[in-house]
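Chain naming follows the written order as A, B and C, and within any one chain the residues start at number 1.
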Amino acid sequence: MKGISKQFPGVKALNQVDFSVRYGEVHALIGENGAGKSTLMKVLLGMYTPNSGTISFAGKDVVIDSPHDALKTGISMIHQELSLVPDRTVAENIFIGREPVNALGLLDWKRLYAEAESLMRTIGMVFDPQQKVSDLTVSQQQMIEIARAVSYKSKLIIMDEPTSALTDKEVNTLYTIINGLKKEHVSVIFISHKLEEIFRIADRTTVLRDGELVGVKNNKEFNKELLVTMMVGRELNQIFPKEDVAIGDVLLEAKNLTRKGVFENISFSVRKGEILGFSGLMGAGRTEVMRALFGIDRLDSGEVFLRGEKVNIHSPQKAISLGLGMVTEDRKVEGLCLIRSIKENISMVTMKDYCRLSLINDRKETAHAQSKIEMLRIKTPNQHVKANSLSGGNQQKVVVAKWLAIKPGLIILDEPTRGIDVGAKSEIHKLMTSFVKEGLAIILISSELPEVLGMSDRILVMHEGRIKGEFLREEATQEKLLQCAMVENREGSYANQ
Amino acid sequence: MMKRTMGVMLVLILTAGFVFGQGSSEEKDTIVLGLSMSAHTQFLENVTDAALAQAEERGVEIISMNGNDDIDTQINDVESLITRGVDAIILNPLDRAGLGRSVDNVKAAGIPLVEVNTFTNNDKYDVYVGSDEVVAGKTQGNWVAKNMGESGNICILYGVMGHSGQIGRFEGVKQSLLDQYPGWTLLADMTGEWKRSEGLRITEDWIQTYGNEIDVIAAQNDEMALGALQAVQEAGLDIAVLGIDATPDAIQSVIDGGLKLTVFQNSKAQGSEAVNVAIGLVNGETYPKVYDIPYEEVTTENAQVYLERVSSWN
Amino acid sequence: MQINRTEVIKNLDRFKMVIILLLMIIVMSFASDVFLSGRNIMNVVRQISVNMILAVGMTFVIMTGGIDLSVGSILAVSGVVASSLLKNGSVDSILLVTIIASIVGGLLGLVNGLSIAKLKVPPFISTLAMMQIARGIAYLLSNGRPIVDLPKRFLIIGQEAFMGLPIMVIMMIVVVAIGYVLLQRTRFGRYVYYIGGNEEAARVSGVNVSRILILVYVLAGICAGFAGVILSSRINSGQPQAGLTYELYAIAAVVIGGTSLNGGIGSIGGTIIGAIIIGLIRNSMNLLNVSPFNQMVVLGVVILLAVILDMQSSKRMLKS
């Protein structure tokens, strides 16, 4: 791609960007949210028409008008949101729309399964092609998407944050697959926010900032600090600014929480001023425990004590009235009304406070929203724009803002920094520190080990619905947590390692 | 009222039980008629009531069904009557063409078929008991020619488009007035779907466009006529509004000097005669193809008589 | 900059229907010299009253991402109830009859709400069933016949005017005003927006989702009940087949008014415009003596165009 510019009315999304990928190369594309990564990829896929610039593929100049064109040219993309048909089999999903047929025009199942199996073998996957996709884990589904891309004989596969929903072990499997692709001379564009993985998997890295090309480097010439500096344009001395805060009395204690088939005998306590980390693999039951604790799902048995008194939290309303807040795992699904304004989102939890006789006091609501926007430094032209116009990091701040309004005693943060850029991430971390300084307790669920290690005073590790271990800040290491999380691992053997 | 509804339902349940449970071997001496009505309007309810009453008087069973203004429902109703093996079917078709196939099916099953009030294009039915829709329209047209002179402007409110009443009644007005007297112009026409609220709304709009130019509004039923009359009175205009059906409400309006004319279609006679003819057919008697129940003109002169007659029916 | 542009487009879109409405009025004022006469305007306002009231209730329902197909039938039940109470003299007061009939509507709406919020039956199915049930009740209560000879006092609502404004129009304005305040200015209204925007987020944020949903369908039922009284008074009778297909006009008004069928976006202001557009189209076609068949086609095409326009603009907003 040469000299690509894309102008939206009022915004220059891309300015004279050059971008190239070699045969069989894993090329990382990195930059803060809004740097132009997605726009560049959408141009490559034909979803946007560039204002200037040319694209050449395999030595020939090409014009790509639609994702379908891109596919024919040999370019495909694995989106963050997977696009599989859950109720159909693995093989059907791989060959969707191109199923082999027999002489009668009927579906040739035998050939379908055989072709799917041999295809997967070439890139190092071992799946039962007759399995239903809905029975697979997220990471396994991702593999199927990759297999589908390969089946189109794509020479270039774009992966948009492929590891954001994966556990560390699954990430390793993905790397194996990517290495398999390289051997087949397939090139991969790897979009990611995680610096570590870029160094592990990518051969070269292109950094974008504000629609401009900052640099392209071989990863051997790189280090983390330099990369971050290139991305944000400023020095970043500490990613996890957790300071030591005095820890107070026990605020909440959970005893033997059980939800049959999901988690069992979960007991823990959290103190004022403490950040309690929950670590574990995807599907270990961490989110489920918090949902039940917060009254979203029902508990089968178990007791919860708040400030020493037994409480029965049967609904989120009850949890909120007791001073609990919950920043849910997926801000788009459970956190925000994307089509409503920032103001409305911030007041979602505390509407009652701005109402008299049920009538909304607009001045009060506006003032409150403004104060939270300033406090959390949410980057927005005003509070009336829709939440979906914000970047991921700012959206996350809006979710945090709505909970701060209740002046919570305990706030549960479920994957608070997933999919947001480094700058926003560090701001969220600073906020967490400032909260505990004011005596709040925080429960932090995170699948990023450095984050849990960096932010938590104490870490609980869950595995298959049970608590498997507890570590203090001083003694915890990545290796220990990982080992604890993976005991008796029954994860499927879908990769030849 | 409630008691009668309950009664009808009881009869239905009992009949259904009889048909499904016993089969037809044991009590073959009782004639079972099937009645398939098209919709619920005041007029058709009268037909239904008269048919049910007549059946009771003649000592025959009757299974009564209603298509609720839906052609598909009525087709299914007829199918199930055939399946139940009734001795004769009385059909009040919602639509002239739509039930043609049902007529074939009934005849293929060898069941005598009487059509009541409205008839199908498919003329394989045995007898049509009813009144000629064209005559109803002619009654309106003749009244206009006689009372309003040889020229003027008329607006027509149609029933549901495609209904045999809509087609026939318009034909009658056309033959007796529009074709006969070139001085009469059809100023505007629109469907009020037999509804009072629509008759009102449409007439309001017509009055805006044409105002005093309108001399007559001929509505194809009384409900629409009463709606039109309301609009005319609210606008303070002098427009003759004519209806058809002679519902108590409309006759009262004629007495009060509101509607100028309504046309009495003898609903009770249609219902009871349909049952008589059906029983006759089962017993092997023969009838002319069209069994006419004549239309009668209701004006200020005779309205009181009709009101008493009609009121006693409800 | 990008955000401003989105805002501009949003405002343009909001104006879009107003512009179409103004265009219609301009074209019609040339096509028909009586169109802008005071009397015709009063006619149109009266003709849209019933649909407007139904559409206000429908706006809340659609805003939650639901649909209510039963309002036409509920309207018939309440009209029949009001008429029979007055006719057999069991209730004397017009006010009381209006309240009772509205409550009847609200109760039928409550059944909708309970089955949707508690039993999780999809709104389309719940209200489709209620459409049948209520229509059946209307026929049962009236024995399939219109209830006529209502006391003259009752006709005040539909046929009299106060200071030049028909009473039914005043009642419509009151309903619209209450609807506006409820949706735009109260906590309840805000919760409706939240649920339509993201039901799960609203639930996690402590909104009692099922209670709000039930209330929304009760509200739609009350509006239908209230409209039923007005229509009965207007046409001087309680008709069991009244309001057939009215739900479709109400839905059309809400959709033309820019409310998203996915919920979360829309306003009472938009619904007002939508109801006026539909009323004007029907009125204009009569003034121009458009044939019955063409009228149906035109109305259908307009609804389709409005939805297409709406989808185009939201697509544009997503792309920017």
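Please note the rule applied: contacts are C-beta pairs under 8 Å (C-beta built on N, C-alpha and C of every residue); 3 or more make two chains touch, one makes a residue touch a chain.
Predicted model, so just to flag it, every value in this text is computed and none were measured.
Common neighbours of chain A and chain B, listed by label, are C. Averaging Cα atoms per chain gives one point for each, and the point farthest from that of chain A is the centre of B. Put simply, the chain closest to the centre of the protein, by Cα centroids, is C. With centres set at the average Cα position, the gap from chain A to chain B is 69 Å.
Chain A and chain C have Cα centroids separated by 43 Å.
Inter-chain centre distance (chain B to chain C, centres taken as mean C-alpha positions): 33 Å. The set of chain A residues that touch two or more partner chains is empty.
Residues of chain C in contact with two or more other chains: none. Here chain B touches chain C in the complex through residues 1, 4-5, 40-42, 45, 69, 158, 161, 188-191, 195-197, 200-202, 204-206, 208-209, 211, 223, 226-227, 230, 234-235, 247-249, 252, 314, going by the rule given at the top. Taken together, the chain C residues at the contact with chain A in this complex read 1-7, 181, 185-188, 190-191, 193-194, 197-198, 200-208, 260, 264-265, 320. The touching residues of chain A, counted against chain C in their complex, run 8-11, 294, 296, 315-317, 319-320, 326, 328, 333-340, 344, 347-349, 351-352, 355, 358-360, 380-381, 384-386, 389, 402. Residue ranges on chain C touching chain B, taken from their complex, read 32, 34-35, 37, 39-40, 43, 46-47, 139-140, 143-146, 148-149, 159, 231, 234-237, 239-242, 244, 282-283, 286-289, 291-293, 295.
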